[in-house]
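Some structures are shown below for you to check.
Each of the next two complexes has chain A plus one more chain, namely chain B in the first and chain C in the second.
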Partner chain A sequence: MRRYFGRKLLIYGLTFFVAVTVNWMIPRFMPGDPVASMVARANVTRPEAVAAMQAYYNNLFGFDQPLWQQYLNFWAALFRGDFGLSIWLFPTPVADVITAAVPYTLGLIIPSVLLSWVVGNWFGAYAARRKLLDNTVLPIGYVLTATPYMWLAVLLAWGLGVLAGLFPVAGGYSFSLRPNWSWDFFLDLLHHWTLPFLSLFLVALGGWAIGMRNMIIYELESDYSTYLAALGAPARLIRRYAFRNAVLPQVTGLALQLGVIVAGALVTEIVFAYPGLGSLILNAIKNKDFFLLQGTFLFIVLGVLIANFIIDIVYVVVDPRTRAGMAGANA
Partner chain B sequence: MSLQVSELRVHYRTLKGEVRALDGMSFELADGEILGLVGESGCGKSTLGKSLIRMDGRMHHVGGRVVLDGRELPIADDRKMNDFRFREVSLIPQYAMSALNPTRKIRRMVTELLRSRGTTVDAAELERRMNQVGLPREVLDRYPIELSGGMKQRMVMVISTLLDPSLLIADEVTSALDVSTQKAVARALLGFRDSGYVKSMIFVTHDLALTHHIADTIMVMYAGKLAEKASADVIVKAPRHPYTRLLLDSLPEVGVRYAERRLEGIAGSPPSLLDPPKGCRFRDRCPLAGDECAEEPPVVEIAPAHHVACWKA
Partner chain C sequence: MTALQEVAPREREGVRREALYFAVRNGKLVTGFAIVFALLLLGLVGPLFVDASPNEYGPQPMSPPGGEHWLGTTTFGQDIFAQFVHGLRSTFVVGVIGGGIAAVIGMIVGFVAGYLGGIVDEILNMLTNIILVIPTLAVLLVINAYLGIRSVLVQGVFIGLTQWPWAARAIRAQTFSLRTREFVDLARMSGSGTGRIIAREIAPNMSSYLFMTFILLFGGSVLIASSLDFIGLGPTEGVSLGLMLQNANQWSALQLGMWWWFVPPGAAITAIVGALYVANVGLDEVFNPKLRET
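Let's look at the complex of A and B:
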């Protein structure tokens, strides 16, 4: 058990190291000079003033140091929880900008991932072996799962937002409201949350339902199901066993899909101008905001790694065979 | 009479048409009798075993009756058959190694299975029976993957017979085992009969030699029909049907060196059951075949309890 988790942690640690390094590299090797654009924003024309401002900013952000020094500084700051100052929202610390955006992203991703997984699995299991459902609803699942997130998002925004006028198509809450703890604000939040949630939920739902349908048919035809049926066990018991075993690959699937879902959520946020991490990334790129970009990426990488680790633990709990595998590795 | 099967016909639905896997089988099985059912692949022996407990989706009952202890088995009605399964007819499947749910501990699986059938586990009895086949009680608290193939096989044997069925169908139970384990399994099955856990048993196999050790009666099937049925000794020592003789001749004998003499198989292959030929189905491969064989031979009792379907017997 310890060896298994030790190995897992090592892999996660390595992934984190590589991710941080790549994360540090990307903005620095991206074309464009953020300091120049900041100075340009200040509308200063006197050359000596420009030079002084550039020197000040370069020093402030540490760009005057050699690259390797910048890299080491980056790691040191990381462990202090210091992501630097945002260039776009200068001088707000990146950590604050991210903290303000994270609740929106988590509020979107966690319910859509979990609900689509649970509902998709349940529905797929239900549709399997029911010819009518299998022939009508599952084809829709195929279409849904093949739909890109942002495309469905655009369709929903157009159909339910613009044409039907049922839902707002942009923002996390109405521009006329200030964030507060009132019931009105909460309802407004929920109203704005519905469309982005739906687009994420629907795309993922189709995939899980199809996966589950195929898995459960396989399990219902497996030897242990046939044996139970031969001993006259009721269909309820057989289906329960089949579902339990068919869910296992779906758990793995969830771990594999997590990165894709997060990426999809980010793009969806942009479509709906939802004030989460996705919109932050877009703004960070537009404003060549290294630090914000790095901070956001880092946060996403950490989130995905942690979620994967949780799934690893869940898997060990639900599948006795992985536990036996670990015992074998120890022996 | 414990089991009476009369004129049983079971066909498979395929894209090419009906495959007549069982084409009018009739036989009887007495209380306490172990019937060895032998024949080559595709002769219908597994189909017969399945028909008596649970037909799969492609099989359908065309005609004939099965009566067990005076009650007719509704073999064509999957739902009604549930009342008889496990309690009256039980099965040790061919795939015993993978017959247990891999994600349930065995104790829990047995408990859930029995509860779903409306009974509870008698823990002492279960352990006593496990002990009888050499399984320690700790096995109950393990997952199937933690057991060896032989242990799983024995566990399935214990589970299948837990409700003391009248008829047990053991379908190719020894096929996947090595010779020493085969013997242990065969002995355990005999023990089950002698302890009264099962009244009678149909032992489906292609291994004539092993059948001889445990069966009281051996029934040889060919192409969906009964070829010969007699007591085990008679079948092995004095077979009358040419197919049985050839089957016995094709067995290797211990101590014989086959370098000098080629081991003879039976030339040719069984007829297609999609559209079986008229007359005796073994005619094309039979060394004795004559003109009368163009007509189908009836099953005749040529000596007490010795049934043969051959004009030349």
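Let's look at the complex of A and C:
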């Protein structure tokens, strides 16, 4: 088990190192002169912002210093939590802008991921080898996984929001309200949260259902299932054993899908103008706010790494082989 | 995505004829490919029949679908059908380039790691795992934001460069199970080099698997490209289905009730990717006798 976690942590550490290095490299090794083009394209009218930008870029890129020095400085700034100042919300530090947006994104992603995983697996396991259900769950599942996140979001916003008028289609809360701890505000928050959540939940649902269905069929064909059936075990019991085995690859699958889910959450937030990281990225791109963009990038990578590690811990809990030090999960 | 099983080596000619026999009788495969080819054809031929260039402003803004504009027009009077057929082209280009590059890298890494094993495998596997964990879209966001001028081609290349890890892992696992077979040992004993063994003995025995991997990578590339376009990092010149969705969202097509602006591009992406997934299941059944429904 120690080896298992050691190996995982090594990979995550290296991943973070690579991500930071890539983040450092991209502005430096892209064709063209980044400082000049960024300052020109930023189109900021406030002179103090332009001056700060130039100073910041020159300071951060530090072209007078050797490359290795620039690289070390980059890491040092990172450990101080210094991601630079946002151009878009000048002069708020990027770290502050991001921490204000993160709760919204997490509040959207965590429930939709967990619920879609549980419900999807349940549907898939139930549908496998049941002709009628299988013929409905499977096509719906394929259509849902193939749907671009933003398109389903747009359709839901149009159908349930604009046409039916049941839900608001923009923002994290009503503009007439100020964020506070009152019950009214919470209900309003929930009201705005429903559609983005539903859209994320539905798209992810299809993939889990299909994956689970395939795994269950695979397990039901294996020797132990045949043996159990030959012993006269009830079908329910065999299915339960199959489910326990089939869930393991789905846990690994969750880790693999995290990147896709985060991407989906970002575009969904953009559709609903939800004040999370997705809207931050959109504004960062619109305003050529590269500090904000790169800060958000590192934040997302860090979040995905932490989520991966949590899933690894869950895997140890659900798969006894990893605890016994056997090669249960080399993945 | 689907649980694939290795295909046992058999006589090639017979296998091919048998596969074709089951392929044309497989509803999923035929339907899936039919949808993809119909849309591909529309993308290839469509632009020839449309006079308006896709981004040209027209005199009739916001008109619903009708005789003159088959799919209506945007707020700026641009013809949506013209955008749609041109957008289909970009979608297929991104899919082929992104999926192709990812498949090639995935194959090289997967074959080499799986066949050689040992320290090479350790290093390549580590590299694969590292890139696998980094969220693809986040990397593409930063790269594309720094690219001043973006084209469909460059977008496809970068998507390909970031999307290969899961393919490499899958191919590595397959190669691993093939490399200890007798026919591989035989080839090694008769003095074939590593490259030759991979190309002549291992790859052909998992050609169906490789093809299915490419299909999934193609679908993945299309989806990632549409997300990038939607965030506003799509090609700076030209049209794509994702850009159409972005424009519709940006210019409040939702609030204005202009459904003809945002329904067709999303439906086309869903149709292409969904059809590919379904065709993939069909292919799986064709190549894997255990899954065939009789």
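We adopt the following convention: the second predicted complex is superposed on the first by the 272 of 331 C-alpha atoms of A that agree within 3 Å, B and C clash if a C-alpha of one lies under 4 Å from a C-alpha of the other, contacts with A are read in each partner's own complex, and residues count from 1 in each chain.
Heads up, the rule we're going with is that a contact is a pair of C-beta atoms (placed from the backbone, for glycine too) under 8 Å apart; a residue touches a chain by one contact, two chains touch by 3 or more.
The structure displayed is predicted, hence computed values, not measured ones.
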Combined model on chain A: chain C and chain B, fit or clash: fit
Which of chain B and chain C A:244 touches, first, second, both or neither: first
Contacts of A:295 with chain B and chain C, given as first, second, both or neither: neither
Touched partner set for A:320, first chain B, second chain C, both or neither: first
Greater chain A contact set [chain C / chain B]: C
Touching partner for A:223 - first (chain B), second (chain C), both, neither: first
First, second, both or neither for A:233, with chain B first and chain C second: first
First (chain B), second (chain C), both or neither touched by A:107: neither
Touching partner for A:124 - first (chain B), second (chain C), both, neither: neither
Chain B versus chain C - smallest C-alpha distance in the overlay, whole Å: 6
Overlapping contact positions on chain A, where the chain C interface meets the chain B interface: none
Contact set on chain A toward chain B in their complex: 222-224, 226-234, 236-237, 241, 244-245, 248, 318-321, 324
Contact set on chain B toward chain A in their complex: 53-54, 56, 81-87, 90-91, 93, 95, 98-105, 112-113, 116-117, 143, 145-146, 156, 159-160
Chain C residues touching chain A - in the complex, by the definition given at the top: 1-3, 126, 129-139, 141-143, 145-148, 166, 219, 223-224, 226-227, 230-233, 242, 245, 248-249, 254-255, 257, 259, 262-263, 265-267, 269-278, 281, 290
Touching residues on chain A, where the partner in the complex is chain C: 11-12, 14-15, 18-19, 22-23, 26-27, 30, 32, 34, 37, 41, 139, 142-143, 145-152, 154-155, 157-158, 161-163, 169, 207, 210-211, 214-215, 218, 221, 256, 258-260, 262-264, 266-267, 270-271, 278, 281-282, 284-286, 290, 293-294, 296-297, 300-301, 304-305, 308
